[in-house]
Amino acid sequence: MKQIFTRKNLPILATTFVLVLLFGTFSVLFDNFLSLRVVTDLFASNAHVGVVAIGMTFVILSGGIDLSVGSVVGFTTIFVATLVGKHEVHPVLAILLALLVGSVFGAGMGIFIQVYQLPPFLVTLAGMFFARGMAFVVSKQSLEINHRFYSAVIDAGIPLTDKVILRAPACIFVAVFVVALVLAHFSRFGRNVYAVGGNAASSLLMGVPVGRTRIWIYTLSGFCAALGGVVFTFRTQAGNATNAFGLELDAIAAVVIGGTLLSGGVGYVAGTLMGVLIYGTILTGIRFYGNLDSSWQRMAIGALLLVFIVIQRLLTRAPAREASH
Amino acid sequence: MRGISKAFRGVQALKGVDFTVRAGEIHALMGENGAGKSTLIKVLTGVHPRDGGEVLLAGQSVSPQAPREAEELGISTVYQEINLIPELSVAENIMLGRQPRRFGFIDWKELHTRARRALQRLEIEIDLHRSVSSCSLALQQMVAIARALDVNAKLLILDEPTSSLDEHEVAELFKVMRRLREQGLGLVFVTHFMDQVYAVSDSITVLRNGELVGEFKTAELPKIQLVGKMLGRELAAVEKVGDTMALGADAKTTGDAFLTAKQLGRKGGVEPLDLEIRKGEVIGLAGLLGSGRTETARLLFGADRKTSGSITLDGRATALSSPAKAIGSGIAFCSEDRKSEGIVPSLSVRENIILAMQAGRGILRLLPRRKQDELAAHYINALRIKTPSPETPIQNLSGGNQQKVLLARWLCLQPKLIILDEPTRGIDVGAKAEIEKLVDSLRREGMAILFISSELEEVVRASQRVLVLRDRKKVGELSGEQINEDRIMEMIATHE
Amino acid sequence: DKKADTQSANPQGGGKKLVVGFSQVGADNDWRVAETKSIRDEAAKRGIELKYDDAKDDMSKQLAAISSFIAQGVDAIILAPKVETGWEPVLKEAKAAKIPVILVDRGIKVSDESLYATLIASDFVAEGKMAADWLAKKTGGKANIIELEGTPGAAPAIDRKKGFADGIAAFPEMKIIAAQSGDFKTAKGKEVTETLLQKHGKDVTAIYAHNDNMALGAIEAIKAAGKKPGQEIIIVSVDAVKAGFESMVKGELNCAVECTPLLGPAAFDAVDMALKGDKFDKKTVVQDRVFDQSSAATELPNRKY
Amino acid sequence: MNSAPSTIISRFLQSRIVWPLAGLALLLLFNFVFDRAFFEVSTRDGNFYGPMLTVMRLSVVVMLLAMGMTLVIATGGVDLSVGSVMAIVGTLTAFLAVKHHLSFPSLLGVAISVSLAIGVFNGVLISCVGIQPIVVTLIMMVLGRGVALNITGGSPLQVVDSGVLFLGKSFIVGVPVQIFLVVLVFAITVILCRKTAIGLFVEAVGDNETASRLSGVNARGIKVLVYIFSAVCAALAALVSIGDAGSVDPDGLGQMLELDAITAVVVGGTVLTGGRFTLLGSLIGALLIQTLATTLIRQGMDSAYAPVPKALVILVVCLLQSQKFRAQIASLIGNFRKPTS
């Protein structure tokens, strides 16, 4: 806590530096880029990815992976929309139900993974298909959510200036981030997650409740995915079974760009926030440039990501070598 | 414990073993590599479910299903292969799972205080924030012990806790163990060091091939008989083993310099030092924990990049910038950390043996299968590796047998220089004597050997010359008649 | 200089270059590519600076794009929405910033119609119906049909299915014997058709594909099954891209219902009118045409996409 | 002597491919009960046709990808870029054939060199710069799709080259050429892995990279090699795929196939964390995925709901691989038998 510039914090510092560098470059290149509005947009537009990615961070830290999140987001949006729109359930109740369903779903996958020692990739892949299919079972048609509560939430927000308002999705994102930060660094559960990912066999011998921890991790990820879905409905005021198709890759990318190792045990919740923002900033920059056709947009995203990840990597590598063994 | 049995696929590891530890005693558990010591402990703490038998704790029948439950019952354990979380800090590893909390949140300040206190009991001062992976193996072992001591246990189990500790550390540990015994704890102590057994233990239980040989009072069992019980051989045969231990220093060095290092060093690692290794010579590296022996070895092998100095091999300047190049020039390096730098866990014994040889031949010229089988069979036989078959994954072997497989990996290369970093770590007496014999015969064949061991006795016996390191600096060199334990200790202690 | 100053944004005023944002769904197929090209070309022709964003088929990226356009202070926004729902919050923001939004090719559901200026639309339901009508005429109201659907949940897939179903409802002897998604992709279209032809064998007399890409795949599948596409099995599809026309000229595809992507001119006319504050219709339906083998050869040289 | 057959059987029962095979068998059993026509085989012009053959042919693309992916996964990595490599290679070859009338050998040359270059790019960034495989190949996936779209501006292209069409559409002795191709590639890969040291090194690097490096294994070189191999496999898959479909759509070609390939590998019994691998298992995995897809189409399952049964099948195959589950089932059957006997 005393020192910020320690070796342990190097990866996260490098990632932050990359984000600042990226944002700075775009601010110089484009008018209006350096503005509060763009920053709040960055949070709002990526809120659902962010919330999901934070849940995913715990999964990846534990050495697992969760491919089901995108489908769970999609399912949640249509589930909430159907409950509110067709069955006239109050949105608050509908949202709580959705969060419960997401958590139970995650827990179910965790139980399969833990009890039967199945590969997380396959179990959550099955989960991905299952949730997407169930979303269509709920409703093939997209549905809007017309309810006073929703309109109120969407209009609400924390005014930062007289023009810029931090809306509900962004607020939820920030809140989830803070809670996750505390969970990861100030709770036994969080430390157990790191231990399980660092070495599951050793953790077991050290008396860490490996099984229980794993199941909770997937429960948490399921919860975050459902919450991501809820955030999505706050952005769109509608539900659609096709929503968030392929979101899992974006979320995994954000986590890994943030410096968390896919092999588990090493990583940071704060890194994930940076990862989400780096990815979001690149997309925003391309929108501000605005003169690339579809193929060049994809190439630009790839190239920019590459450049900045190589920078991040080189920053963390040089001193790391010195100290290794 | 009564009538404990345990079988793994194809191996009966324990056959109806009885084992009793009383409160207030230190009980040594002895046996050859693969005798079933670690398995017995793992069955006791619930790592492996037992096939038969029963465990009684203070008269109550218990069956912990996981180490956590054993810990709750008051059984605290240090397992054989160091089990820590590499990327977490020293402090966290000590306190994992029992972190002090305030208002439900981890109290980091308190956590560090408690971790420091736990280490202080063993008289160690280290940066608590360092990640365990950046610590040397000996330090890791100390951390694991500190962790076990932090629990309020009724029974403390230590499975080869001293295998990479130096004498000073061992003495420190024994002090703590004796203190705990006074407090009425039961302690189980596994080791292959005879002297240590006699130094601390009250009674000894001997296992052989998964069967109980018997329980004895330490004071009533002469060393030589203990060895006999472990090996299951007659006294005469045991005495012969004892003989081989006296091999060594007599022969004079022959041959020219094979490797000469000038001002070899690494920033932040070892300070520049000069070193010469001749053909047909064993050079010992002596020093305390963290004195830089392993670092020096890694530099010679190209596993770490040197930042100063030069190396000549057979009179030619060489870069040795990578392990592959070093191996290509006839250097072999048997690492001290067999779990993370040695074994390839899911590959078979055979594949582990031929790995380095195959790497030397390159991708295309695969060693014919027949040759592979021959090599594997030869070394399993020669080193008495206890394995159900050459195709068994190495992870299923006992610790000592894994070590032998790794030795085989390097021996089959017939290198010109072999660096042995703690080669006898976790190896039983019989095998240890054999390895020393082996080292001697390799030397006679003209191989150069760099021998690192925390056991001074061993270094003294095996080496023609000894380099003494301290604080990652070379502080002196002894040769021939000068070599004895006291001189070395003196150099380590007095040099300023 | 493209500083935000929406109040004085005026195409005639002060020679300032007009900035328009265009949010496209993706680059899935020829049709989308042609639509994008039409809009980009038209902007260039009129000397308008176009901010273009491709959302890679992700609705949330479209929302972000519109938000970003508002942050950049564009003068108007053209939106090709991925789905009907979910636009209300972001369009409210655009309205608050006084930026007119012109929808192209697909309508949306909002509680307040003033959230967008106008819709320049193709009518997907009508396209499905036109395909059904043509097929009914061609087969005399008797057909066993395989329907190759678009990606599940996609608006054109839903509407083209509905329109077609409405169209054949009047003909009791026109039956859809199997309906499977080909994801709007050629390879998937072929895979599905191949499997269904094996299952239903000789029964199949017609195929209706929600886009040309899948129809091209289906034609390959029919050939692989040893049948003559366009003769033994009649194939109708929607979009009428160039590859579709080439196939019609070869006599393999029977009919393609046009869904014109050349919305650029109409879209920018709407932008002009919206900025001038003119009143105009909430919806302009682009008239789609039906092409079959008889008209394909003469039309092919005129195809721009 | 007489113990030989029983050891072969027991070795088979212990090998990893048993459980994916069991999953496949279950699916086939389902078809046998509910859809006998699935197994019909007919001949036309001396060529064999039938649903089973079609399934095999359709799984060739994923099989090719899965072989490359198997080695990548065995080193502890993953390659998400294969779909985009397919798109680049497919679009480029079709384009060169149409616009520049290149001959088949030169097209093949272009395909191999392009994929080689991409493989080197991936491999070097992963092993020399030290970026995580998933990040590198994810970037390549996005970037590569852009390149593919750029070649034609996104428009579909007809495939005109007779060599490519031969690969995708023709028959040799009544059997589709692609099946021969996949068998050939499989044979070459197995020989490469088991008759040279590649297989051993790949497994060693995946299982314990540090130990392998200290034993003199060129871990970096091995890693670069597997990414090159994976990209080349993807190039072959692209040629087969466009030859089969007769046209290319740059946006759709290969999309999401990386997921299918990884699934095939993992279903086949190779673990994602690296180490031991089984190529045959991956092929069985690919076949299983395609059999499932075809079964669902034949059963007339609504495409929107189809993911649900797909999920259940994956879960069942997973559970079959779990020792604990098998033990539970065995004891259930035991309990069931007791009262009756």
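Labels A, B, C and D are assigned to the chains in the order they are written; within every chain, residues are numbered from 1.
By our rule, contacts are C-beta pairs under 8 Å (C-beta built on N, C-alpha and C of every residue); 3 or more make two chains touch, one makes a residue touch a chain.
This one's a predicted model, so the numbers in the text were calculated from it and none came from an experiment.
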{"item": "Reference chain D; chain at largest CA-centroid distance", "value": "B"}
{"item": "Mean-CA-position distance for chain D and chain B (Å)", "value": "44"}
{"item": "Interchain centroid distance [CA atoms averaged], chain A/chain D, Å", "value": "30"}
{"item": "Centre distance in Å when chain A and chain C are each reduced to the mean of their C-alpha atoms", "value": "32"}
{"item": "Residues of chain D whose C-beta touches two or more other chains", "value": "149, 153-154, 304"}
{"item": "Residues within chain C bordering two or more other chains", "value": "26-27, 33, 152-153"}
{"item": "Touching two or more other chains - residues of chain B", "value": "303"}
{"item": "Chain-chain contacts as defined at top", "value": "A-B, A-C, A-D, B-D, C-D"}
{"item": "Partner chain A, residues of chain D touching it in the complex", "value": "76, 80, 125, 129-135, 138-140, 142-150, 153-154, 259, 262-263, 266-267, 271-273, 302, 304-312, 314-315, 317-319, 321-325"}
{"item": "Residue numbers on chain A that touch chain C, as the complex places them", "value": "30-32, 35, 37-38, 41, 44-46, 48-49, 136, 140-144, 146, 154, 232, 234-246, 280, 283-284, 286-288, 290-295, 297-298"}
{"item": "Touching residues (chain side chain C, partner chain D) in the complex", "value": "26-30, 32-33, 37, 149, 152-153, 178-181, 183-188, 190-192, 194-196, 198-199, 213, 216-217, 219-220, 224-226, 241-243, 246, 305"}
{"item": "Chain D to chain B touching residues, read off their complex", "value": "195-198, 200-201, 203-204, 207-208, 210-218, 275-276"}
{"item": "Chain B to chain D touching residues, read off their complex", "value": "301, 303, 323-324, 327-328, 333, 335, 340-347, 351, 355-356, 358-367, 409"}
